[in-house]
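Just so it is clear, A, B, C and D label the chains in written order, and each chain counts residues from 1 on its own.
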Amino acid sequence: MNYSIALEVLDSAVRLMTPLLLACLAGLYSERSGVFDIGLEGKMLMAAFTSASVAYVTGNVWLGLAAGIGGAMAMALVHGLASITFRGNQLISGVAINFLASGLTVLLGQKWFGLGGRSPALEGGARFSPVTLPGADALAGVPIFGPLYREVISGHTPLVYVAFLAVPLTWWLLYRTRFGLRLRAVGENPASVDTAGVSVVRLRYGAVAIAGLLCGLAGAYLATGLSAGFVKEMTAGRGFIALAALIFAKWRPWPALGATFLFALLEALANRYPEISLGPLTIPSMFMNTLPYILTVIILAGFVGRAIPPRAGGQPYVKER
Amino acid sequence: MTDSVQRAASPQLDPAPPAPPRAVRQGLPPWADAVLVPVISLLLAFAISAVVILLIGESPWAALKVMVTGALGSSYGWGFTLYYATNFIFTGLAVSVAYHAGLFNIGGEGQAAMGGLGVALVLLAVPWPHWALALPAAMVGASAFGALWALIPAWLQARRGSHIVITTIMFNFIAAALLNYVLVNILRPVGSMDPASARFPQAAHLPKLGEIAASLGFAWGKNTPANVTLFIALGACVLVWLLIWRTRLGYEIRAFGRSEKAALYAGISPTRITVVAMLISGGLAGLMAINNVMGESERLVLNAVEGAGFIGIAVALMGRNHPFGILLAALLFGFLYQGGGELALWTTIPRELITVIQALVILFTGALDNLVRMPLERLWLNRGRG
Amino acid sequence: ADPALIYDLGGKFDKSFNEAAFHGAEKWKAETGGTYKELEMQSEAQREQALRRLAETGANPIVMTGFAFGDVLNKVAPDYKDTKFVIVDTVVDQPNVQSVVFTEEQGSYLAGVLAAMASKTGTVGFVGGMDIPLIHKFECGYAEGFKSVKPDGKVLVNYTGTTPAAWNDPVKGGELAKAQKSQGADVIYAAAGGTGIGVLQAAADEGILSVGVDSNQNHLHPGKVLTSMIKRVDNSVYEAFKAGADVKPGTRVMDLASDGVGVAIDDNNKALITPEMTKAVEEATAKIKSGEVKVHDYMSDNTCPAS
Amino acid sequence: MAPQDLPGNAGAAATSAPDLVRVDVPPAIELIGISKAFGPVQANRDINLTVQRGTIHGIVGENGAGKSTLMSILYGFYRPDAGEIRVGGQPLTIADSQTAIRAGIGMVFQHFKLVRNFTVLENVILGAEDGPWLARSLARARGELTRLARDYELNVDPGEVVDELSVGHQQRVEILKALYRQADILILDEPTGVLTPPEADHLFRILRGLRDEGKTIILITHKLREIMEITDNVSVMRRGEMVATLETARTSPAELAELMVGRKVLLRVDKAPAQPGPPVLEVRDLRLIDPDGVERLRGIDLTVRAGEIVGIAGVSGNGQTELLELLGGFPEVASKASGQIHVGGRPLPLIGRGADAAARRAAGIGHVPEDRQAEGLIMDFAAWENAIFGEHRDARWGGLLMDNDTIRRDTAGKMERFDVRPRDCNLPAKNFSGGNQQKLICAREIERGPRLLLVGQPTRGVDIGAIEFIHRQIVALRDTGAAILLVSVELDEIMSLSDRIVVMFDGRIMGERDAGTTDATELGLMMAGAERGAA
């Protein structure tokens, strides 16, 4: 594998990891606040749908983005109601949200566009277009770094940069601000927050809303950045992979970056090398497609110790002595 | 799903918990809690579904009629409803056994798919003379393959600390790939377009409930897929109930699921319970293949599970992880599946409406039940006081 | 009796052959003013029942799309001797069944010829949905056609996945197209349902050409889709409906000769098709029709000589 | 751990009796007609209470009497159904803890409300940050903490993670939290339940210091000795009602106990001298290294004979927990152990196969674990299920299927004999009070008739009535000839229950004393690590 191929694979990995990273960070906020979220998939899907629909109707991708965020936030609100206000089972709520999004997107899409749940293709201003970072061309001549900057770092749609910036931002928010301190506390021991006179409910809603926002970005990126419109079930399990990455990363922002990058890199490699010949044996495509999942299991078994989730996660907060 | 999920069943796993939260019992009588709350929640879910149907410009009343008559209005409808319910009973039980051990098994989909492979291999390998002989063998094949598919994640969880939620998700993908490969390259008869195995021998045909009825001299559910597996599923409910609430193993599973520390105090081995519970769970999921692969399609097709593994999660959670609750929840989902299928078949309403209705049912009965319970409790208390 | 049409699990609007079938039925409806019943499958278990219920309500003929019906139809057809069934994409040997099969390899061959001539790099790509025999049939014909023009050229092949999501993952489709482009492919043929949408989109974005499948997808990105390998499922449905109860049982091979398959040339891609290309396609068509060129059918032996 | 060698000027100031309080100052707290119900449970009924400024006010009452509820209402954690609260003479509606904090009220809960993976500093500023950015708050808090530590002897390392702190230090963090918020009125709910005697003494010095500063302190405790020692006034609660408020100087422990329980209570353990038989438990050179590589047991030698109670005294965290867990068959996973354990003359494997809790039970060991809620019981299980926990494999409980009726009948008998209330074996364990949970465990472990009973902290957080009962049962078991190894951080309990006392410090046995001849001072010195065998 020479350098330019490596760059192409990396470039692909960056694109593929963006929705995973956004969703993973979404899960991070929610779960760090003590609200488990297996509804990442559903929120992303809803966002992909609403963003594509509105972008198509208005021809403006930014309005689409706003709608995507709105769609995911609506789902997040449902999750918040169920798991915070009504202290319901967070897992069931997450499962329900996945089903709800899967059904509603097609139902509404069919009603509006009559294309069996697909949205019409987006064109021009209804899609995100790549941005060329300053100096990308000027630096192209610099050995090693020049091509890396031009091919891998520059030339993505804005949401990619948003996703990458979200990592340090999340770290900073989590560990350097009052909000972050309280957020981490409420996921570990909500009573400590409550007795300190801070509202557990408000904090958790805040976290769940941020999760909605980030899922909105992820979904919008899928529909208006990576592809040009909505196709039913287009999230294709990415919400679950993001969840796996979150556990992998042990609920921390920088490792989340690493984990999602690893997943994306494995997928990009499998895309680039759909069949690998090992002498007489050719690994069939089915297994190359599954390679990322197999490797995940191996890595988990070999290198990652026990992942301890936020202590209060999954349990509704009830005042006790 | 996260540890979130994996340990969700057991909040007390926290090594040094302060006083555990006490279930705030506020005087709602048990029958109201068990019947009234779910029924009202269900009605709420249907009411919102009606709004959704109105939104897409259809008549909720007509839709309801199609669903009810299609699923429950005839022996034909029941024949399907029971068939789907049978699938969901198995996957629901599978999820619940693991859940009692504090393990969140989202791998039902893959385990059921592998169960199908087990059934196919058993039935194609031997020219079975009679279904009564083939059935036990196929059950062994199905549960063994399902259990095997759960064993690896279980072992990794117990020994390597790999999170069972991730590994079971991954194993769903790996099972799909394996099946894809085996069906296309090994089990597919030469010249066949269909990535499916050959038909199982005619003698291995499981009696359909309709056929049994016909042989008893009355017409019921002719040509519907419900078959004798239903009885196996009912038997499984009873056995799981006995296992969980009557055997020492079940006792240990429940104890471990609620507190690992306490389990150690009582001399219960975490590794053993994790592995055994997952083997049983995977075996149950695998057994679903008796219904859909051996009983219905009589050959193994790609994606034979059709999401029943995931529905099993909802069924188990809604059935409060109790076999009887799971039976009821499976029937409810069987009804939704069949009624919704009829709706999509015979009206212009897209099939995704069923998905939405399912989602609302799961949401209201499973996660928003306090929305109903809280006001009811207040009502009860006031009545009690006044 | 009214005719009936059953769509396979992919659904009526799969942008693929179910949708083509729908268009055929609609054409018949528009022409004759008749009415027809239509059903979309919801689950594997419904196939048999759907057939029986339609047969019992007197629908005739009953047309179904997809090889997955083959097994069930074999069982059901004998029970309804007076009803005619038409199955698309596989052969069912029953006296009241018409089996319509398409020589996708021939249409794909022509697409391969065009791709080879349009390609400047000598490398083209193929993106399939799932790794199943039907899709290999497309792949193999395409590769053969391509090699007939550029024997030393290269065909890159990717399959999307192993779960049903493989048919609905435009993001992955786009990524695969980009990966193929980076390996030099400048024409990419997608046989992958909703995933193909992403392939065509990415090809258009990346300034390379793509080839659509099943129905005419040239209009999706005018001037950027080289052509579409069309499979006239619509025609077969239309004809079955028109024949009504007099549908002829037996196997109907929809090949190039009977205009069952072909490549779409219309206003959207006119500019891309040079006169030489037109000529090459015409020649190949003639040779295939005459039997001078025999396009290999992957299904016959599960191998592909061209790859 | 600071033993009693600190200057005790607090003692001199302790003379500030209530009559010295100037009457023109309004009381710090007035509660008027407070009622609170949890569903059908009336936790507080029409409670009136006045707490004078600058005093230490004790509140006593049985488990479930409503003490914590009342204080939680004052702290804005619960809303009262009826009643009025006045703080400093002004009526105040305390809608949430924020209001209480602003009114100068701080509370240290029975179960600490700390974030275990946060540092001390982070815990202290949580909810009282100076602004949206942490750096400023942290810097200010660090300075403030240094000042508080100096002024009140509240030394804790601000950078330490709370999980790593001893319970006593965690409590200091809770107090620091309140002081950092400038609390004038400090409520402490059973603060000494988890403390060692030196830690408790230290706490009391701090409390006296705070009082002398003019702060008001409300102290809930089950230990009448503490009430007598430190409070100025004391209120007694029973079944949700306030039955009396007395001047401490004018009452006695016996009177308080009777007011609390409604009957006379024996405050001393009444037991015959031990008749030691042959050795039952022999431990030789036992060592344990925990998974982090820390050596927790450093060569323990110990013998317990039939018919005697050997008490292990020691500040918690000196290896007692590890010793009990290792003997009980469930040391922390991945620990390493060496040495010998003999029970009844037969050697037992230390760790791994054949050394799990089930094998230990088979060898005749019973175990009342230190942490009843996390180890001894499954809180969601019904009492009858818990009553066989650990011995559920026994053939008495049925064959292939368990015979639940037999188990229920058996449990009902145990609950009867051990006075577990309410006497409903179908109730989940979590619905029993702490004392009754402990009685259930004792019933299970004692009635098995073990030849050796391991007992860890048997009466932590348990009220007087239940303590009395549990102690009597342990003595009764001894009198049947069983060997008993008791671990407790309550020096009182160790001294009154044991026949022989050994002191553990830093994973070693510091020495052995006869219970009849030793005293608290001697033991206290050994617990603080004074030379082996010295003193």
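Criterion: contacts are C-beta pairs under 8 Å (C-beta built on N, C-alpha and C of every residue); 3 or more make two chains touch, one makes a residue touch a chain.
Please read these numbers as outputs of a predicted model, since none were measured by experiment.
Under the touch definition stated at the top, chain C and chain D share these contacting partners: A, B. In whole angstrom, the spacing between the mean C-alpha positions of chain A and chain B is 28.
Averaging C-alpha coordinates per chain places the centre of chain B 36 Å away from that of chain C. The mean-CA centres of chain B and chain D are about 45 angstrom from one another, to the nearest whole unit. Annotation for chain A: residues 110, 117, 237, 284, 286, 289-290, 311, 321 touch two or more other chains.
Counting partners per residue, chain D has 110-111 as the residues that reach two or more other chains.
Shown for chain C are the residues that touch two or more other chains, namely 11, 131, 162-163. Inter-chain contacts, as defined above, occur between A-B, A-C, A-D, B-C, B-D. Residues 76, 80, 83-84, 173, 176-177, 179-181, 184, 188, 190-196, 199, 223-225, 292, 296-297, 299, 301-304, 306, 337, 340-341, 344-346, 351, 354 of chain B touch chain C in their complex. Those residues of chain B that touch chain A in the shared complex are 1-5, 7-8, 11, 14, 19, 21-22, 24, 52, 55-57, 104, 152, 156, 160-163, 165-167, 169-171, 173-174, 176-178, 180-181, 185, 310, 313-314, 317-318, 350, 352-360, 362-363, 366-371, 374.
Those residues of chain A whose C-beta lies close enough to touch chain C in the complex are 5, 8, 12, 15-16, 19, 110, 115-118, 121, 222, 226-229, 231-234, 236-237, 267-268, 271-272, 274-275, 284-286, 289-290.
Of all the residues in chain D, the ones that touch chain A in their complex are 68-69, 72, 75-78, 96-101, 107, 109-111, 113-118, 122-123, 125-129, 131-135, 137, 177, 189.
Within the complex, the chain C residues that touch chain A are 11-15, 19, 131, 156-163, 165, 168-176, 178-179, 182-183, 194, 197-198, 201-202, 220.
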